[in-house]
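Below, subunit A partners subunit B and then partners subunit C, in two separate complexes.
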Partner chain A sequence: MNGTGSMTRGQAAIGLLIGAVVLTVAQYIGWLPNWMHRLPETAIPNFAMVLDIIFNFVKDDLGLLTFTRTLTEGLEWLLDVSGNIFYGKNRWPNIGPMPWTGLAAIAAVTGYYLGGWRLSLLGGGTMIWTALIGQWTIAMQTMSVLAIAAPLAFVIGLSLGIAAWKYEWVDKTIKPVLSVLQTLPFFTYLLPAVIFFKVGPTAGAVATTIYAIPPMILMTTLGLQKVSSEVVEAGKMSGCSKYQMLRHVYLPSARTEILVGVNQVIMLCLAMVVLTAFIGMPGLGAKLLAMMGSFKLGRSFEIGVTIVLLAVMLDRMSKAWVVKQPEHFERGTPFWKRHQMLLLGAGLFVGFTLLSLVLPIAAEIGRKQDFSQGKELDNLIKGFLDIEVVKSTTWFLRAFVNVKILIPFRDFMLSIPTFAFIMLVTAFALSLAGRKQAVLAALFFSLVALSGWWDRAIITLYSVVAAVTIAAIIGLPIGIIAARSEKWSTRVLLMCDTAQTFPSFVYLIPAIMLFGITDIAVIFSILIFAMVPLMRYTIEGLRTVPPEMTEAADMSGATRMQKLWNVQLPLALPTMAIGFNQAIMFAFFMVIIAAFIGTQDLGQELQRTLAGTNLGKNFVLGICVSLMALTFDLTIMKWAADKKRALGLP
Partner chain B sequence: MKMMKTALTAGALALVPFAVLAEDSSDPIVIPIHNWSSQIVMSNVVGQILEGAGNSVEYVTTDSQAVYESVRLGDVTLEMEVWEGAFGASFRAAMEKGGIVDVGDHNAVTREDWWYPMWTKDACPGLPDWKALNDCAAIFATPETGEKGRYLDGPVDWLKHGAERVEALDMNFQVINAGSAAALWAEIGAAEADKKPIVVFNWTPNFAEAVWPGEFVEFPAWEEGCDKDPAVGPNPDALYDCGNPATGYLKKAAWDGMEAKWPAAYAILEKVSFTNPQIAQMAKLVDIDELEPDEAATAWMEANPDVWSGWVN
Partner chain C sequence: MSADTPVISCKNVWKIFGRDPKKFLATMDKGLSYDDIRAAGYIAGVKDVSLDVHKGEMLVIMGLSGSGKSTLVRCFSRLHDITGGTISVEGQDIMSLPEKELIDLRRSKMGMVFQSFGLLPHRSVLDNVAFPLEMRGQDKHARRERALEVIKLVGLEGREDYFPRELSGGQQQRVGIARSLAIEPDIWFLDEPFSALDPLIRREMQDEFLRLQQLLNKTIVFITHDFDEALRLADRIAIMKDGAVEQCDTPDQIVLNPATEYVRKFTEEVDKARVVHAGVLVDPKAKGTGDPIDAKLTVHKMARMLVNDSRDFIPVTRGDNLLGAMPRKAALDILLGSEE
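What follows is the complex of A and B.
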């Protein structure tokens, strides 16, 4: 980007901005005719009907339904088998369920093998907690589906990743599809999943798999591209065939990236545990929804804790696996020595299984024997909400922040004429990214306007903007302070992991109890979620600033503040921008879920389409959300990439 | 492939004895479970009755609106609680598309309307009359509604017409829509702490009656046509100027292929009918006594054999 180019770009952006301001002022004075403020009803094409027709054509006339239903049968068989093994579903091979003591032993041994006694404690401890709190069966119902969905996502993601690395055109087609899939709200997946893959664990498994595939593809491609040419040469010289090259040269060299992909797959699978309960996923999520339906806060909280523990356990174990290098033994090492951990695990498992035959409590802990503290937790939560300080704070927030700031801000955003708003967004994309992104931004927001859901789209955007702004105000300082020391970085990152995997539904209820059914409750619940990437990437960005740079600053006698403002932050900014972008994406995800609190945005309309009669409308709404999210995604990512290149960062 | 065939054969063989007994298909009858207790326990009760009659039964958790599409497709076999108010629209839409049949009503009435927990009456003694409610509108005010009282309506997709009623009866209230039943409970739960007056959308039978005793607001009584003809009701120029019908239906529904595939089970389903107190009892077993739904179903069946034993045979 040369100097003159960016000048004209900047001027064009300012021109658009002035145009938008003029239009808005005209609107306030009352000079703007109505059709300039909002598109008239007659100008809105009936996208929903067209989509309905296309959908029915693909479903019935092209026979997609018959095809997916055949796939469903195979998937159902797999799920039945894992269901039997994990929780004793009455299906072939009729050997399950595994006793909890046996699984706890396996988790502990695996943890020890991968990362020593601390991981061992985490693995065994998680299993023991789950059993003692009385959630063993439902946890295993969840695991039985994840045990199929995660490997499925791994295999599909790996294959697509290899294909995208091998063939340019696959890469080109997959990228935009992935972006749309990642930004499409969950409520839009729901109905097609039910229609094509049958309500129940099958639809749950499919929705989970689709959601978890994208990072696997991206990480595989990334890993394969990074394989050094020396290794490739060595492989070619030893006469490898094409398949051998892939199997024995490329994939092992890309091991680290692929395993990071596996880690992401596992985390995303766990993130879907509750949402998929709407389409028949059994287990923890379904129980959580039932508990919330009858206002049992304590027990929903306990389920949330179990989900977090499972997630943290699997996350730490898979990360330890990434770091652990393959072991090599001297020739002639006896079998038992090479596989001592495997044998120990198997031995303990068999031992506990046998024990559980004579001692039922080792197999399952019944409802009356568990240690659930649901009622006590209920009282604790209610007691907290009843503290005078808490009550007066929330009342102040409602009376001041909501009534004086948020609601006027929303009304202001709604008062901007449609056309002026599109100009604003275009100016934003133009000044940050470039001409291509500006054209796309204008196109995307025009489509949103044409969809006929403009006002609701703006309210959605308002919640996102408000939440991300507040998240930045709180999250960035925390990230900056935590980045100063190793100890605090680890602590804050653990907090991030917890906030990310703790089911958002659990804090929707306390949010309502604190703030009532208001915009604050909605923004509060988005906020928790959106702060995670902001903190994470700020820490990551600051801690990866090249040490030469900070040393240079130290030598020239900069104070800590000067160093932070003039050296570290500018260098960390591109990485932080990626975090900012993710925060926006997370916010778009959460704002739709917040429809359960009560909103007037696209999420509310999406919720209304769930009865299954309005598939076209459901898609139109979903795509509106996706288009808005993509505009931000394209613009910010382009800006971050440009900036990184300019700074000479990797 | 071969393994799969063997597995399928083994599975089919395992189920043969049942098939011979009941003349029904040996495929499992799939019963949907939603997120409120009475429906979960009732579904478990019916599931256990059918299992006792030799059928194989499976439960699946689903969204309570999206379920009608699944019943139509035959993925889910039946639905135990079709509420007139909350799901009537989805049910009728599914009926029009075909694939779902009405299997008759429970011997229960459902009522859905403006409701308040008992402590509200202390602050507004004229209740349950709606005019008295309107006179104390100010005590229901929140920072967001200013002078007006706040009425918390059900989710928009339940189509409750709260705003139209406020308009039609010229009430000093502002209507806010909650996003889910859980959101309604959270608001009542928060108000409970310092006994703040609150008026919300609620319905019976459900668990809330046992947790928070309360009453429905008495609006001008429902008259046929109140939602279609402005002349009906006290305000001659407006629709929705009366309360909701105090006796809505509670239906059972089934996939239209059920009768042919599981004739015996279908015959039982036709006879199944629960009353309001029975439904409240089932909800109580889970919500107050903290039983798991399947245990609650067993316990309820043991306590009330005369209710259901007539339906089998």
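What follows is the complex of A and C.
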């Protein structure tokens, strides 16, 4: 790469940087003509219209709509069945709803089977809380969609994963699609779902399913590739046919990875199913949306707790399933003993169902019987916010940080001429990663400029950069300090693990509670969401520094600070960069959801498109977000990989 | 096929790894060395190997890691497709077999034991052992019965319901052995079966293996990197280096007449007296006097007699046949080293 006649990477990057500065200064002095600052309207091609024409062609002329509407009917039937079973929707088979006591018993027994008393308490407790707080029906509405979407995503993901493992061309086609899908804002999933699969639960289920498929594909492929060659050969020597190999050798041997995929499918489904409230899907998400909209913070908080409990329960149980290994029974163990947990669960369920026939409260907790403390919590929250210290802190943050730092920063970013900005990003990619990434960065940001949504894109980017920066300022020191001791590392990691299972929607609750509907609430919600991976990877990076290196530093007489700066941080940096990257991806995700609080960025426009049928615009907006996110993703991951190789880390 | 057709016969077998091995083999000069081939961007896993395995024989393939021994044995069962040459199993060219017949061959004739056991982690001991039977569609009752039989044979009775991870390494390999024997194969491949075990267990498993072989008398291809193990078990040893067979002969001959410098280095440290048998030292034309000795005795076992006896030529018999006589000096030379 070193200059053979031409400039080195670093020099080129500095050149671009100087160019950008010159342009920006010219803009401030007022020398820059307007068309150099922003692309003139006339230069912007109407991507949205072109996309619309294509969509309409595919939708109507190619008959995709008829096809998907047929699918819709099948899906609707499935959702009706699960709706009936979970919350008594008036549809075939008309046997539901299951009594909450019965379900609580099943959750408790399943928890005990998978992970002992603690999981049993978590499972049963979650169900009892949900029922007592009076959210049983809406929770079951959510669960009824989850019960269809998750298995669907599992089956599709598993099949595609197997196909990608088996056929190289499938793998090559799927990989780029997956990386785009994973950065595409979720609003972009929603509108096509609505157009092709009708508003409401069906569209919600489709969007949820599609959203949850990618990790399942990746985990399946990974698991199948990891099966040891001797096990494969043993299968072949046992005379397996191709199908037998897959069914009896590959899939069971990849059990762990596949179950990790199942865990991720469940968690993504839950996160998404809550968000589908934006397209009129009833359930916990819709209720939360309504409560936050009318600023009923107490109730919002309660729903948030329910969502979090459900998430933690599903996560812990599916993770416990991953590590659960088969145990042998002594010869001659009777049937009931081998299957005692199954029998206990079934028995309790039947028992409670019968009980609920005579005792209505065991079946359902009525409107006036619940223990919801919405009003009281509201007052409590108001009281808390009124405490002098809290009040002055939030006021300081609003008045000082927002007005003196964040808003000027945003205005500055907006003042940079489009070309200068593209040059800056290119310089960033060039200096960190390389020529290929720089070209892509320039291309991606030029496309964003051509989309005609530049200002909104920059505001989106501003929120991301501001939030991730603050998250780093707070999160990195916490990570570094926690990494010092085994005890604190485990604690903080556990906290991060748990926080990561929360559906992103609930992060809005504390933000709105503390800061109301303001800019700083947006930044705050992104910030806490993005802090999780930052802390986590910092700790992991520091903890995995090989002990002989820190010991060598100790024996060289390094102080704790010297050791940190000269040994631990440099070695942990690649891992920390991955955390940083994830934080940025999370931030791009959250900033779109924060549109709900009220922003002026791409997310806001995206949310607006949901009300109409403007698929072209929806896609242009979504792809803008995706392109910006991909630029960071490509650059930082390449840098981390290079650095790791240079350091000889695994 | 006649009685003396070799069970496995391979002629000029090549296995080359790389981008387009077939084309490379077709155009390359057959005299290229291993390093020449590597410089061309290919790896010669098996390099022009010809050898036969006879019925009831135990052939041990010995070599260091990377010498191609595991690749060669995988060519015998067509886990690897060979690049050039022919391999026939019981007179049938296995490279020409369609997939279905290949599967049938493995289901009825071949068993294989792996270095790291290759057990299916989600299946109990019983189900692992019954796996090949299940694959060929035997009914549940019959395969359970047969599986229990082999489990008993390898001494794992009572552990049928355990899962692999609940067993020690030695026990896991017993499961691997039981599985490979479940279909009553004629040909038994063992790929470094005892290398992953610690030395004490290894010794015990070797004894166990010899006991099984005496019971079953199968045609065996056994792979090892341990020369002592090879000497202990083999009827014949093939020593491999860089994909090629350096020498293929009985242990006695390898120790007495190493064909190449490489083989000689292996034999240097070996106590030849424990390897060489009376039968090998026989001069068929010589005539001895007095009581004959058995051809299967090693020099080591005859040591006391060799020192005390004063005959120059000792008659040697195999069964009832008189083979000739062994010069006592030759045996003493092996025991004590040559005079100079």
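Simple rule for what comes next: the second predicted complex is superposed on the first by the 579 of 650 C-alpha atoms of A that agree within 3 Å, B and C clash if a C-alpha of one lies under 4 Å from a C-alpha of the other, contacts with A are read in each partner's own complex, and residues count from 1 in each chain.
As a convention for this text, a contact is a pair of C-beta atoms (placed from the backbone, for glycine too) under 8 Å apart; a residue touches a chain by one contact, two chains touch by 3 or more.
Here the structure is a predicted model, which means the values were calculated and not measured.
A.B. asks: After the alignment on subunit A, I want to confirm one thing: do subunit B and subunit C clash, or do they fit together?
C.D. replies: Verdict on subunit A: subunit B and subunit C fit.
A.B. asks: Kindly classify A:G293 by the partners it touches after superposition: subunit B alone (first), subunit C alone (second), both, or neither?
C.D. replies: Only subunit B; A:G293 stays clear of subunit C.
A.B. asks: Thinking of the overlay built on chain A, is A:L190 touched by subunit B (first), by subunit C (second), by both, or by neither?
C.D. replies: first
A.B. asks: Looking at the overlay, does A:H328 come into contact with subunit B only (first), subunit C only (second), both, or neither?
C.D. replies: A:H328: touches subunit C, not subunit B.
A.B. asks: With both complexes superposed on chain A, which partner does A:Q244 reach: first (subunit B), second (subunit C), both or neither?
C.D. replies: second
A.B. asks: Return first, second, both or neither, reflecting whether A:I481 touches subunit B, subunit C, both chains, or no partner chain.
C.D. replies: In the superposition, A:I481 contacts neither subunit B nor subunit C.
A.B. asks: Which partner chains sit in contact with A:I279 here, subunit B, subunit C, both or neither? Use first/second/both/neither.
C.D. replies: first
A.B. asks: Among the partners subunit B and subunit C, which is in contact with a greater number of residues of subunit A?
C.D. replies: B
A.B. asks: If we overlay the two complexes on their shared chain A, which of subunit B and subunit C does A:Q604 touch? Say first, second, both or neither.
C.D. replies: In the superposition, A:Q604 touches subunit B alone.
A.B. asks: Mind computing the angle subunit B to subunit A to subunit C from the CA centres, in steps of 10 degrees?
C.D. replies: With subunit A as the vertex, the angle is 150 degrees.
A.B. asks: After superposing the two complexes on chain A, what is the shortest C-alpha distance between subunit B and subunit C, in Å?
C.D. replies: Value for subunit B versus subunit C, nearest C-alpha atoms: 30 Å.
A.B. asks: Applying the document's contact rule, which stretches of subunit B touch subunit A when the two form their complex?
C.D. replies: Interface residues on the subunit B side: 4, 7-8, 10-11, 14, 30, 32-37, 40, 56, 60-63, 65-70, 73, 75-76, 89-90, 93-94, 97, 142-144, 152, 155-157, 176-183, 185-187, 189-190, 193-194, 207, 211, 286-287, 290-293, 295.
A.B. asks: Show which residues of subunit A lie in contact with subunit B when the two form their complex.
C.D. replies: Subunit A residues touching subunit B: 74, 77, 81, 90-94, 190-191, 194-195, 198-201, 277-282, 285-286, 289-290, 292-296, 367, 374, 382, 385-386, 391, 395, 398-399, 402-403, 407, 508-510, 512-514, 516-518, 594-600, 604, 607-608, 610-613.
A.B. asks: Provide the residue numbers of subunit A that touch subunit C in the complex, in ascending order.
C.D. replies: Per the stated touch rule, the residues are 228, 230-231, 233-241, 244, 248-249, 252-253, 255, 325-331.
A.B. asks: Which subunit C residues qualify as touching subunit A in the complex?
C.D. replies: Residues of subunit C touching subunit A: 74, 77, 79, 103-104, 106-107, 110-112, 114-124, 131-132, 134-136, 160-163, 165-166, 176, 179-180, 183, 189.
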